Amino acid sequence: MGYIWGGIKQAIALIIQLDPEVVEIVWTSVKLSTISTLLASIIGIPGGIAVSKIDFKGKYLFDTILNTLLSLPTVVVGLAVYSLISYRGPLGQLELLFTGKGIILGQVILILPIIVALVRNAIHEIDDRIYDTAISLGATGTQRFRLLISEARYGIMGAVVAGYGRVIGEVGVSMMLGGNIRRVTRTITTAIALETNKGRFSFGIALGLILLSISFIVNFLIYYLQTGDKE
Amino acid sequence: MNFMNNKKKLILVLVLTVLVSSFSFVVVEAKSGDRLILATTTSTENSGLLNELLPPFEEKFGVRVDVVSVGTGKAIRLAENGDADVILVHARKAEDKFVNEGYGVNRRSVMYNDFIILGPKSDPAGIKGMQDVTKAFQKIAESNSEFVSRGDDSGTNKKELSIWKKAGIKPDDSWYLETGQGMGASINVANEKQAYILADRGTYLAYKGKIDLAIVTEGDPLLYNPYGIIPVNPALYSHVNYQLAMSLVGYITSQQGQGIINDYTKYGKKLFKPLAIKPGNLE
Amino acid sequence: MKKKEIILKAENVTKYYGQEKVLDIEQFNLYQNAFNFLLGANGSGKTTLLRILSLVDKDYNGQLSYCGKEINKQESELLNLRRKFSVIWQEPYLYNKSVADNIGLPLKLRKKSKNCIKNKVAELAKELKISHLLDKNSKQLSGGEKQKVSIARALITEPEILFIDEPTTNLDYKSNQFFNELFTKLVAKGVTILLITHDLYQIEKLAEYITILKQGKIVINEHKEQVLNEGELEGNNIIGQKLVFA
């Protein structure tokens, strides 16, 4: 027990002193997750709206596949993207492996289904009366669409935040595509996974505490966005 | 209502700040110079040696060495796929195969350390102090004492399997536990289970004091653990950074590189002995 | 009794829900600058007809005409006309914004300036006695308050035709009185109103033209006095009788 408390004490010291390595790793994680989430949102939000609005043949199958992809294991994504961007793979020439860009590609693929599905649900949850109301208020097609998005805004933001929560805490993609390279692709999760192997427990605990705090903030945001409109 | 709006604005500002700064860093990062991808083993990285060994090279050659640490088997596969420029590993047979098949060229021996068997203080197999590692393995099997294997195709794992083979034992009983994980994680498992495990000395030193396992067997020549560095064959993959890879080989086998290896200590003990230049010939 | 001009006319309008024919109108006239009442039992097609007349639903067969001119189903023409109309729904939908933003929304959609919207909203809210609600979010309102806000939202564009679907369900007696008076004033100012209701008192006091729907078909579409006269000819009160089943 003694050494656990020691570890936690040292961890807190590392955080308070803004240990440069800790700061660098946290920043790498935040940076990569932010960009991944942003890119996935740029594709996923219109995608989710399209999926909720457009009927097509095989939509049932599509929805089922989408729901399956929600729980896509990170290592499966990692493996699939590795075979794509490995030098021997079809995208090998781009030299994305073991770079931040490689991680971003994997993370975008990981959370795209999540954002699409949650945005779709957010649109579905909107009261059907919104359509008649918007038409009767004299809204043009574009204005109707904007009103729809505006009404789904909390749901859409919730989808984005959920995507962020997923990437900041994932380890499979970052490990397999990033390679845990110091100062480049070492993220909070890969560092925790591998640095403890070096016996740097307090370092791992410090990162773990920070990850917990980020997750807390993310979950708080989700909760806030989900309840914000009902108060 | 106004209070809520303010909170929302605050969140918006926060999110925007993170966004903008993220992208500004991407732009900055894109300007960084040459990079050399060194695939190596977790035990090498975990020893901390590379943090001493690489910075002088990076500075001298204006290059960034990106270290990807995986098991020896995976490091070799990465190089075979053209995903690394140079490898630093410890599994002589696999290294020779890698060179013979044309994936790598100009292998050089770098350094060595040794493997040890760790075991519980109660020593149920009764092998403490034994030097002959083959006999020790046989006794572990005979006494059905639990043994943890990494089972991850790493250099350590390959070494362990070769000893079982030499001992004439096919370890697939319930006392044989494969973790499929790195050295540190496997030592932790062995510690929890109070089982025997074959480990590299560097990782053991990192864990010493945090575990209830002790060295039971050491010193057998079989436990000799040499490291080699091999650039990926530029004739096979024209995109690899062969020039820099050879520069790294030259540096690591130079007086400077070998000296750093010889002087490197962790927890007050030397971890590696240089192989390219005999210690007596070091300046 | 002088017959008023017809502002909106529906001819041979039918509407199906799947296989079921829910509306079958040979002819319906909406009289200009008058208080038109649309009556009928639940499920007789009142709201369906209102959605078609207000151009919210364009999925029907038949022909509508506005001021004698046929309405084609082109989106631009529909939008132009819709912007002359307003609808007050039985169960109004308010957007997840402040009450002020909800009331001002139709003007915003018509690209009016912020200042203009702000002033008009304030003025109208004062008139409708809902100024105290303006800063609230629409989700915080009671059912009655929501209905009042939706009435304000419908009136802010000063519509030519006002379609109202049983607005008083959620309102208390006093508010009811207030809005009945307001609607009467609007008609006096030249507005055309089509009102769906079950409220006999409203019919007796306010109705000018009366339309009765029965199973999707029009039974009566005439001036109230004429309806009463016909009733007298037959020796009973047609409105009352028709509404007994309602």
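Observations on the structure shown:
The first chain written gets the first letter, and so on, giving A, B and C; residue counts start at 1 in each chain.
Throughout what follows, a contact is a pair of C-beta atoms (placed from the backbone, for glycine too) under 8 Å apart; a residue touches a chain by one contact, two chains touch by 3 or more.
Worth saying up front: this structure is predicted, and the values here are computed from it rather than measured.
Chain A has the Cα centre that lies closest to the mean of all protein Cα atoms in view.
When chain centres are defined as mean Cα coordinates, C lies farthest from chain A. Chain geometry summary: the mean Cα position of chain A and that of chain B are 31 Å apart.
Once the centre of each chain is set as its mean CA position, chain A and chain C turn out to be 48 Å apart.
Measuring from the averaged C-alpha position of chain B to that of chain C gives a distance of 78 Å. Residue positions of chain C with contacts to 2 or more other chains are 137.
Residue positions 231 of chain A are each in touch with at least two other chains. Contact residues of chain A toward chain C in the complex are 127, 129-130, 132-133, 135-141, 143, 147, 150-151, 153-154, 229-231. For chain B in complex with chain A, the residues that touch the partner chain are 4, 8, 11, 18-19, 21-23, 25-26, 29, 37, 42, 45-46, 48, 51, 64, 66-70, 81-83, 182-185, 203, 206-207, 210, 237, 239. By the touch criterion stated above, chain C contacts chain A in their complex at residues 51, 54-56, 75, 79, 82-83, 85-87, 89, 91-93, 95-97, 105-106, 109-110, 137, 139-140, 153, 157, 163.
Residue ranges on chain A touching chain B, taken from their complex, read 3, 27, 30-31, 34-35, 38, 86-88, 92-93, 95, 97-98, 100, 179-182, 184-185, 194, 196-199, 201, 221, 228, 231.
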